[in-house]
Amino acid sequence: MFPNDYAFHWSPLHVLFLGIFFTVLIVVGSHFAVALWRASRGLRQNRYDAIRWHADFEDFPPELRACRHALTGECADRKCPNAFDCRQCRLHPMFIAKGLLPAECMEEVGGMIFPADRYYHRGHAWARAEADGTVTVGLDELARRLVGDAPAQLPEPGTTIQVNGSAWQYQTGSGSVRILSPVDGEVLATGGASGEWMLKVRPSAGSLDTRHLLRGAEVKAWITRELERLQLALAPEPTGATLADGGVLVEDLPRANPSADWDRVYGEIFLEV
Amino acid sequence: MASQSTFDRHLIIRGLERCSTPRFLLWLLPWVLLLAFGLYGAGLCLVRGLNQTNMDNRFAFGLWIFLDLTVIALGAGAFFTGFLLYILKKKELKAVINSAVVIGLVCYSGAVAVLAVDVGQPLRAWFTFWHPNTHSMLAEVTFCITCYLTVLVIEYLPVILRNRKLRQIPSFLLFEHELHKLMYVFAGVGTFLSFFHQGSLGGLYGVLHGRPFAYRAGFALWPSTFFLFILSAAAVGPSFIALSTWVVSKISRKRLARPEVYDLLGKVSGRLLILYVLAKTVDTVIWINATSPDRGFPAAMFYSWKPFGTWLLFAEIALFGLLPALILLDGKRRRRMPWLISAAALASAGIALNRFVMTIQTLALPTLPFDRFLTYFPSWQETATFLAVVAFGVLVYSFSFRYAVLFPQEKELNVAQPSQPEPELVAVGD
Amino acid sequence: MSTTTAKNAKNARYGMVIDLDRCNGCGACMVACAVENNVPPAQAKATARTGITWMRVENVANGASFPEHRTAFIPIMCQQCGEETPCVSVCPQQAVEVDPKTGIVDQMPQRCLGCRYCMAACPYHARYFNWWDPEWPAGMEKALNPEVAPRMRGVVEKCNFCHGRYHAAKAKAAAAGRRDIDPADYQPACVEACPTRAIVFGDLDDRSSQAAQLAKSPDAFRLLPKLGTEPKIYYLTRRPWVREIASASSPAEVRRG
Amino acid sequence: MKHSGKISFFAGFAVMLAVGWAGFPRLLYRGTPQPLSFSHKVHTGEKAGMKCEDCHVLRASGSFGGVPALESCAGCHAAPMTGTAPEKRLIDNYVTPNREIPWLIYSRQPDNVYFSHANHIRLAKLACKQCHGDHGDTDTLRPYQEDRVSGYSKDIWGSSISRISFGRGRRDGMRMDDCVSCHREHKVSDSCLACHK
Amino acid sequence: MNFGRRTLLQFAGGSAAGALFTPIPWRLLWDSAVWTQNWSWIPKLPRGEVTEKFSTCTLCPAACPVKARCVGNQPVSLTGVAATAESNGALCPVGLAGHHLPYHPKRAVLPFRRRSVNGKVAVSPLSADEAAAAIAERLNALPAGQSTVILDERPGRVTSRIYQTLAAKLPRGEYVTSPQTEGGTLAKLESLTGTPAAMNMAGADLVVSFGTPLLDGWGTPGRVFAARDRFRLIQVEPLLSRTAAAADLWIPVYPGTEAALALGLLNLLTGAASGWTPEKVQSVSGVPAESVARIAAELKAAKAALVIADGDPGGGAFSPDEQSLFAALNLAVDSAVHPCGVPRVTRPIEALPDASIGVLLCDAASSGAGTPWRVIARKLAPAAMVVSLSPFLEGYGRHAELIVPAPAYLESLQEVPTAPDAPAAGFALAPPLIPARPGATEPAEFIARLAGEPVTLSVELKKHVEALHATGKGEVVRYAGGEVTPVKDFKTSDELWNALNQGACWRQGLPAGMYASKPSARLLQAAVQSAERRLAAGGQTDPARPLMLITTAWRATAGNAQVSPLLTKLYQESELREPGNSAAIHPDTSQKLNLKHGGQAILTTACGSCPVAIVVDAGVMPGVVSAVIGPTVDSIGAAPRNGGSTIGDICAPDGDAPWRVTSAQLRRA
């Protein structure tokens, strides 16, 4: 194997054969090592959340990856290529510029209130820019009903959170659910579990970047779509009640419908694979 | 639907419907038993020696080598799908690449495990690395199989690291992410290795110039079987991926890949298969008329021993080669599942038959003029060892299928359709 | 360099000529070979296909029935191929080689991993695998030949022209300060044991040796000549039917008519 | 805290290095004392005045006599000559009951190795100590060290566990590599069966 | 710092990585591989100086000189001695592995008694003294009409003479020999003419052999093969044996009708057997008339012809009636037989009345031939005591009540008398090479103890050598170097004794004269009449058993003789020789009986049936079953005992001519 071994011959075939072998070993080994090194670098650079979100996003079924503009009917069926980060999207500014969507404000969908003073993330967290430059982050009505009274695990003040990264978590009966952050920034304070807001964040960009967040009329289209998905997710486990158009969601869904596959429902609604 | 009895649901990717845990365990049970039984048989062979097999000085290779060659040929789906996806950028095959990688891993690791039992002194197997005889096709095989198995393990890592639980470990997920980015390198190296591996397995027999039934003239170091094995494995690999996907979808009662994926696999397989049939025919004609007679053996003689008649040659080339190739080349038929699957099954059987002919028939045919035709039938220990590999494969695949995403299209293809137009869902609130 | 020649004995190309007309199939060669090379008696379950007989005497018949039926014996051992040696090129780890000094195809059981590829490659079926651990009845291991190491199970072995005897001849020559051995000191066990003197052994390159002369006899032939393996075992017969069967290239199942 | 992972990793690494290089060689070999104490020095010294060839003979057949049989010892030590304790043991345990002394041969190769002293002494003109060291000058016999796994004498592998050596002369073992490198160097036969049987 | 699972894992990871930089994995890899090359269950080779020692093979009557390569006291291989005419370097496979016999798995180590209690066999060990006492007890109570018999399979030895003397001292003692095959023709010639006979095969130019395995274990192989290049061989035999295959002419003959051909030949040569025209011979024996005439012509033309009808070691001897005829043929031609040697003393066991033996003492020596037990059993009285003095449990040991082990081959000083094919009388010693195992008793010394006449074999042998020395005749051939010394040159008998003990043989000088050249008319007439009587008696076939069973065995592989386990090479690991209990039939016969090569069948004779393995062989006469009676698989060594009866057990002895042809039936098992 090595030239110092007696079974090694300096014949062209031998050199070629072992040359190829060692080349393969080096290529495989070095790339494996590169992957290891890059992974450890990523770990140091705290890239887990972003990569996790990208990995999850990749694994979403296509209908989950629908573009917000497709939800509102602004464009035909379109899948988001940017992991719901409209800040990187080339098309999003064009849609905004066209301003096709009426700035209609509808606060109540399916018996739930979605105040217009805030921006909604696709993972059901909302963000509201406060006058002092901070951003208040909370959970929307639909999500709250899904989570019920599950205890929340909030990050320590001082923690940095990233858009689409994990902001806080709930411990539910079927496991933990993480809520995606709608904002980049540092957590300043945390609200109570039952409180109206969850986090106070100082946005790292100075102010709240809202490009990737839903607002106005988009919210209705989105929530309607979410309710449809919720229906589908809960469908195989029939419950006693029916959600007719205009019906309202019960306050604490898990308690009202304990036999449902909540793990799956949370995954569908909170964008987690 | 995940029911209350699915205790391992936190390990299963959300959105993938898997049977309940007891049912899964029930499915595993026979395979685990088979594995245990097979390991017992293999253990006997290791502890007491190869006298536990029915191999003998004439049938120095038996069931194990035949099956090694076959599973490795079928496992070629892994390298060839990887090649098509990562090198030729056939994006559709992303739908089956993970499954292909698992199949490849199972086939190769099973083959290596069986080889470790098959050799008389497994503790010395590393001598091949230390003192390689570079003229030997078997040295080439050994190097390729170990390197490729390493590559397959690396390729398998991302599949398994994306398991729902494992991906929550930051270092695993990051490593998976980085590995995945470099996957084209591993796929490329794997393709190279696997090409050589398939070829050297073919060369294994083609170089036996003392065995005119197997001997073939060729190019440089490599006899024609070197290239025929590559071609046949490449041709049948996609067929087997289609076949296995279909089988898994039947067993799991799920749609796993879009028809276009099947169609593409069939098309690739058909085109390569017809090429292979042509090459094999030319090779056979040359062998019958030149290679074999030159070494003193009229080729007709090889078929004079029952039951190995010329029907084998016909079956191998026409029935299991040409026929599936024609089916797969006909777009209309190919797009109909029964046709596609039948053709894929025929092609897979064909490659098994080819490997059988190259191993068992080669050894059964006498060379010395006063020699006899011999037969061989594997012992239960041999069969059990092989079955252990099958069980091992099924187990690895089952676990992978349950806890990892082997078919990325599965989720969207199996979105639960509402059973009623207006499902009862939520209480009419108050 | 002159030192090279001084340090090395002259190369030989050892071979055998076996007179099939003399062989009466007594089997002395097989037994002497087993004794010399420490081949153990068969395991209870061993058969003609799993036993170890470096030297194997085949029984062939002319195909006619009684009373025209005739038989002949063909001793087969490693044919010590000279060219395109089928086993050497296939061994993955250099456990087989042709010794340029003697022309003998060496098989190294200690290097062998037991893949049996060489057995598949050998057209003469002259290689044997140790399917069992070697076992001698209690006490009989005391009677082992000290010049030959017993083989372990799981490896391949074959005739090496009684290499232990070659060693002994070398040592004897060396003790006398000679590098070249005395041909009389080196005769394989089968040659020595053959009661009918059917086997002649010697250096085929040494024109004065009887073996070299007999190998050139018009009655001499080799097995499967068209394979191009250039065996160093020659056979002699004056019986046309024996020659026809034995020197044929293609099998014609003739045993027992 | 942050580096505890690294610390435990390197601790493991270091511990293993120590175990592997210091503990393992001790663990690998089993030492056995020779049955008797024997001084080559005394025998070859002025008093006894024996030569190596008096005991270690090369026979006419070319085979090497190796360690002499009991009768060589009994030739002089049939009755006590010096009255030392080892001599008493020799006479009581071996000479009187006529039992061969079970010497443990440091340089003994396994059964599958053929080594002709005749070739190496007569033709290659090697000095004994080239392989056996200055054995003739020793006053005591060191314990025999046997590899617990392979059963080989430690002398075969060589005293250094690593066997990493770059110069030719630095090989102190009697492994196949050592034989082959010398054979290659002197352009004598390096075929397998030249040294195996 | 928190020592959790994580820390431990990291530590383990570090250790694993660190291990790669230590010798541990690499050395263990190397060591384990090296261990497989020397693992403890591979026997260690003997070490020590290799020396050459000489002895003489005593395994069969051939008397081959043997050169043993020894390590210390242990022979590691045996070869023939090329320098002597006696072996010409040749040794048969049985002799080549003879040094294994002391370690034979069927070796009897200590005396023991075997008794059948309620159908179960109980074995109890005892000392040689106790064994002797048990026999003495039986001898004292020997019923009237029962005799004490010493069975000697190798007559012509000093030991044989001791036995004859001792027999006279035992109560109604008899000395008998087993049916002889080798040397049968010459023994008959001696008894007919009263002159000792020997054959000068080296001078023969034609040998006509009736069923004698001349080239396959007959006589001294080295001598036969040395002579073979000079004589023409005509083999008369019902099947294509190895000798027939290698003969110049093979004359197939119906089994049991060899005498008809001999009568035809005698008729053509002397006119004595008038009526036996070639045509009649053809009708009786199936030998074409022209072949009969041709052989007769060849015999007439030969300058030194030999007719040998010694029978097959497994097939039994020709009857004395037939032998007279073959002996007479030798007288009717220019024969290579000459007057020489010592008269053969045989007292065939057939001479004893049936059911008359009360105590049978079987000597250890083997004739090399297999005698069916039934031949002996019918002479045994009910509840007779059989004592086996063999070193092995097999052979007569299978039927013995008492087993008193003798030293095995090479373990004790033995003697070797004249070989059956020797041109003149000879004598050799077989000095021991291996120390005898404790517990082994020299048979002659054991029997002497019974007779109350202490005998030491070596002393008797020395006396014999002294007598040889005293005659001053003959010469001594030293095995080392082949040097020949006239006996006269040995000053003292001790010198001769020492020479013989170092590996040498004594041989008588060859005589100049011819044997009695013309047979008397009376002798011829008697021979013809007895042969005709015999032919008329034979030949009846039983419709229930339509096949003719002839048995064969290779010398020293059947009966009392044991072979090295290494003979599996010939019998089990190759198809060179068929092992015991295999039955060869012609393809036509196999087709008729629906039997396949390798298949199992049941062979039935009037004496019982036995399972056989079928061998389809076109060299066997249709309608004939050629069965092999030894070695049985279990006597080779490794295989478990097959338990059932052997073909040797079901051969029907027939009056004074044992078991040459038996009618039999074969059916699928």
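Labels for the chains are A, B, C, D and E, by order of writing; each one numbers its residues from 1.
Throughout what follows, a contact is a pair of C-beta atoms (placed from the backbone, for glycine too) under 8 Å apart; a residue touches a chain by one contact, two chains touch by 3 or more.
Values in this document were obtained by computation on a predicted structure and should not be read as measured data.
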item	value
For chain A and chain E, chains touching each	B, D
Pair exhibiting more inter-chain C-beta contacts, C-E or B-E	C-E
Chain separated most widely from chain B, comparing mean CA positions	E
Relative to chain D, chain with the most remote C-alpha centre	A
Chain nearest the overall Cα centroid	C
Centre-to-centre distance between chain D and chain C (centres being mean Cα positions), rounded to whole Å	36
Computed distance of Cα centres, chain E from chain D, in Å	51
Inter-chain centre distance, chain A versus chain C - centres from mean C-alpha coordinates, in Å	76
Chain A-chain D separation of Cα centroids, rounded to whole Å	72
Per-residue multi-chain contacts in chain B, two or more chains	121, 124, 127, 130-132, 135, 139
Residues of chain D engaged with two or more neighbouring chains	59, 61, 63, 110-112
Two or more partner chains touched - positions in chain E	32, 35-37, 42, 44-45, 47, 50
Chains that touch, pairwise	A-B, A-D, B-C, B-E, C-D, C-E, D-E
Chain A contact footprint on chain D (complex, rising order)	176-177, 180-181, 184, 190
Touching residues (chain side chain A, partner chain B) in the complex	1, 5, 7, 11, 13-14, 16-18, 21, 24-25, 27-28, 31-32, 34-36, 38-40, 42-43, 47-48, 51-52, 54-55, 59-63, 111, 174-175, 230-232, 234-244, 247-251, 253, 256-257, 261, 263-264, 267-268, 272-273
Chain C-facing residues of chain B, complex	49-51, 55-61, 118-122, 124-125, 127-128, 130-133, 135-139, 141-142, 204, 207-212, 294-298, 301, 362-363, 365-374
Chain C residues touching chain D - in the complex, by the definition given at the top	3-4, 7-8, 95, 97, 99-101, 104, 106, 108-111, 147-150, 160, 163-164, 166-168, 170-177, 179
Residues on chain D engaged by chain E in the complex (per definition of touch)	1, 4-5, 7-17, 19-21, 24-25, 28, 59, 61, 63, 65-66, 110-112, 147, 149-152, 161-162
